[in-house]
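In what comes next, subunit A is part of two complexes: it sits with subunit B in the first one and with subunit C in the second one.
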Partner chain A sequence: MTDAYALLTGFLRDRFAVPAAELTEDTTFTDLGMDSLDLGEMAVLVRKAHGLALEDVRAGSTLREAADRLDAARRAAAPAAGPGPVA
Partner chain B sequence: MIVITGATGFLGSHLLPHLLATGEPVTALVRDEPPSALRRLLRAVAAAGDGRALLDDLPSRVRFLRADLSAPALGLSGHEHRELAGAARQIWHCAALTTMTADPSLLRHVNVEGTRRVLELAGAAPRARLLHVSTAYVCGARQGLVREEDLDDGAGFLNPYEESKFAAERLVRSWAREHGRPVTVFRPSVLVSDRRRPPRTPRHPLSVLGRGLRLLAEEAGPPAPVGLAGSSAATTNLLPATYAARAMAAVAAAPPGHACDTYHVVHAVDTPVTDVLEAMSDVCPDLSVRLTADPRPLDARFAELTAGFHRYAASAVRFDRTRLDTVAPLPAPPPPVTRDYLRKALSS
Partner chain C sequence: MRGRERDVAVTGLGLVTPCGTGTAATWRGLCSGVPTAVADERLSGALVDICCPVGEFGAVEALGHRVVLRTDRFTQMALVAAREALADAALSPAEWDPSRVGVVIGVSTGSTESWAPHFASLAAGRPEDVSPFLLPRTVPNMAAAEIAIRFGAQGPGFAVSTACAAGATAIGVARDLVRSGTCDVVVAGGSEAPAVPIVATCFAQMGALSRRTDDPAGACRPFAAGRDGFVLGEGAGMLILERPEHATARGATLHARLTGYGASSDAHHITAPHPQGRGAEAAIRAALADAGLAPRDIGHVNAHGTGTVLNDLAEARALRRVFGTPPPVTAVKSIVGHALGGAGAIEAACTVLSLRHGLVPPTANHDEPDPDCDLDVVTAAPRPVRATSALSNAFGFGGQNAVLVFETP
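The block that comes next holds the complex of A and B.
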């Protein structure tokens, strides 16, 4: 589990009331009952908390795919920093 | 047995408690695995409000059958399809893709082909009454008074959603004629709620509008004006979903007619679009939304985020509800949609 994955699932638990038992890497946002407006809200939360752009994530994306996108955004934001925690 | 599609949706979750109140067993045709569908349904019914007392009983009183509405035989086995058709006394078709700006071929697939498959089920279920949920907006771009028996596409459509629902309703009418079977068609207007919406529960159009507005305010940064091409005389018809569900249940409780009976399930009082715009400014002061003849790029983004709402800012259509008013007993009429109600609905 990556830091990006932990960050996303943290928002899902805290802001979208998703029980931890429903969260797996293969779960899609649609499986959780979320839509594109929820993803827009999630992107705002991620940007405000971490200054990162959560892009190209759709309701049909899995949590693993979304975490990979977030990792890519982090690398693009700080190319010299190398691997490290998102937060 | 009562069969329902779209039970976990916004209208379906308001209707379900009324269907259960008849004492009949209910089978919900759902697109996901039954455990996931049950969780979705529990969230939706709890959010709808009227059915909270039923939540504990719901898992034992609703049977879930995984189905694909646009597949042959609804994606069911031959045995499942025959068993369902044999036991059904009412078939409620509530499932629909309601995103007005969705891809036209996807809208046709879900709304038209889905209706065709439900009609096949009804055809195999000679003892079942079909209750088809359409929309008042099958009238498309028509202006003035639309009657419940009207169904014509002469004025064109404001979006592909309307067109798909029109095509579906036409299929239903043809089927009723060809099979000599009574069908009840409901045409709700814009169904809304002022209840706070918990996360991951169905949205209604004002909830979509309010959320889109807040996202746009986040994106736009400093306070900005947004323009809508429209008319200060435009009206819309907003109806609390709790009333719509009660009215539909009242219609279903009476024996069906002998043909395709269509009911405009609408508010007796239209809501001025300017009231909606003022409430939008109340809940999102950073964006002042006003009528304009000169749309700009921010306006296009607003249109995208709010799923086509802007096309209704010039509408002057009214819906006759003579047939609905003959139903006895109808629930007490809903109160007028006030600015306070609009603020709550946009914030939900």
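The block that comes next holds the complex of A and C.
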């Protein structure tokens, strides 16, 4: 389980009241009864809490796919957050 | 002479009020005569910080987490009250024709406070932080929509907005949907959660709220000398209105009949009532005519009775002109506060309960009557009143008035 996956499932439990037992890597958002509005809300929450853009995630995406997207967003953001180049 | 075929049956009641969740808890609280007003931390920073709060009302248990997360408080209270009203009517969505079930809900200010953090996001240059749920959770028609979704009501559904008369207007408009034959059943009522700093401050700035913040329980004093304004409340009231033949065919119990509805506009001022209660009088007379009743037939008036100087005087003048000597009057806002768009529906339900129990709950804080109002206000304890018909008044800012007449079954 990646950090991104833990972050994602944490939001699903805490902010969308999804029981932990329903959360597996192969679960889709549709399986959880979530639609595009829910995913939009999720993207807002992730951006506000972590400054990350959760993009290209659809209702039919699995949680693993969504976590991979989040990891990609984190990697893209990492250089800016890291130490600056040595002159 | 009108025929009873124009009547509409009231077969279910549901209430969420500061007295408690449910019709029984609310009736007990009203009959106790004890005001529910307190200083409320939610109003911290507002010009007036007292209100009559609805406590824990079982939203999660009744509706589930997901619905609670996506809805605002006024919708949650409306759903809980609608659920009680449908259960009280012994109506099962599995058994009705969904295309003939409507939902009409009165709402006034809606969800003003929910917008605040999102305006802040815009102001901070972060429009992407605005929630996609903001609009669907705050638009005033969403209480009616969520009720329709939850219970599968596929007939006409909408919100009505007549400020503090909205709950009564909704019931009147719903009555017309039943009387016209459009619907067999309508879930009708009002809901409001205005105990938020911006709404309290707005009403305070208008001079409408009582400033007795050091004595919350004594603040709302309808028709009494020294009254200085209303106290904010919150809550929802729901009635199940049903075509009498439909109710009879399924063996339903009738709580009452809704026989009259009258509406009018003062056409006078944006907030002040017409000083002589011209619009109120017109609505009362229209409701009586609609019911085919004379003033002497009415045994009880559940007044709008906000506790503002102007409303109570105008309402009393209208009642005295219509009735000469008006029947016993009560003003339950002295106990549950003013739930704005919810108030007219909460009070309509109270009026039905008064007819059923033969009892008029007391008006609190009426220790010194205002001689200019000169009404027979029920005080101190519930008064037995053997009425077969009763009037419920609701008057809104903008001078929009709605009056309902209920009769025993």
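Convention: the second predicted complex is superposed on the first by the 78 of 87 C-alpha atoms of A that agree within 3 Å, B and C clash if a C-alpha of one lies under 4 Å from a C-alpha of the other, contacts with A are read in each partner's own complex, and residues count from 1 in each chain.
One rule holds in what follows: a residue touches a chain if its C-beta (ideal position, glycine included) is under 8 Å from a C-beta of that chain, and two chains touch if they have at least 3 such contacts.
Just so we're clear, the structure is a prediction, and the values are computed from it rather than from any experiment.
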First (subunit B), second (subunit C), both or neither touched by A:Gly40: both
Touched partner set for A:Arg75, first subunit B, second subunit C, both or neither: neither
Touched partner set for A:Arg58, first subunit B, second subunit C, both or neither: neither
Which superposed partner A:Asp31 touches (first subunit B, second subunit C, both, neither): first
Partner chain(s) touched by A:Ala17 [first = subunit B, second = subunit C, both, neither]: both
Dominant toucher of subunit A (residue count), subunit B or subunit C: B
Common interface residues of subunit A - those touching subunit B in one complex and subunit C in the other: 15-17, 33, 37, 40-41, 44
Of all residues in subunit C, those that touch subunit A in their complex: 64-66, 68-69, 128-133, 136
Of all residues in subunit A, those that touch subunit B in their complex: 15-18, 22, 31-35, 37-38, 40-41, 44
Residues of subunit B touching subunit A in the complex: 32, 36, 39-40, 43, 198-201, 203, 208, 211-212, 215, 218, 305
Contacting residues of subunit A [partner subunit C, same complex]: 15-17, 33, 37, 40-41, 44, 47-48
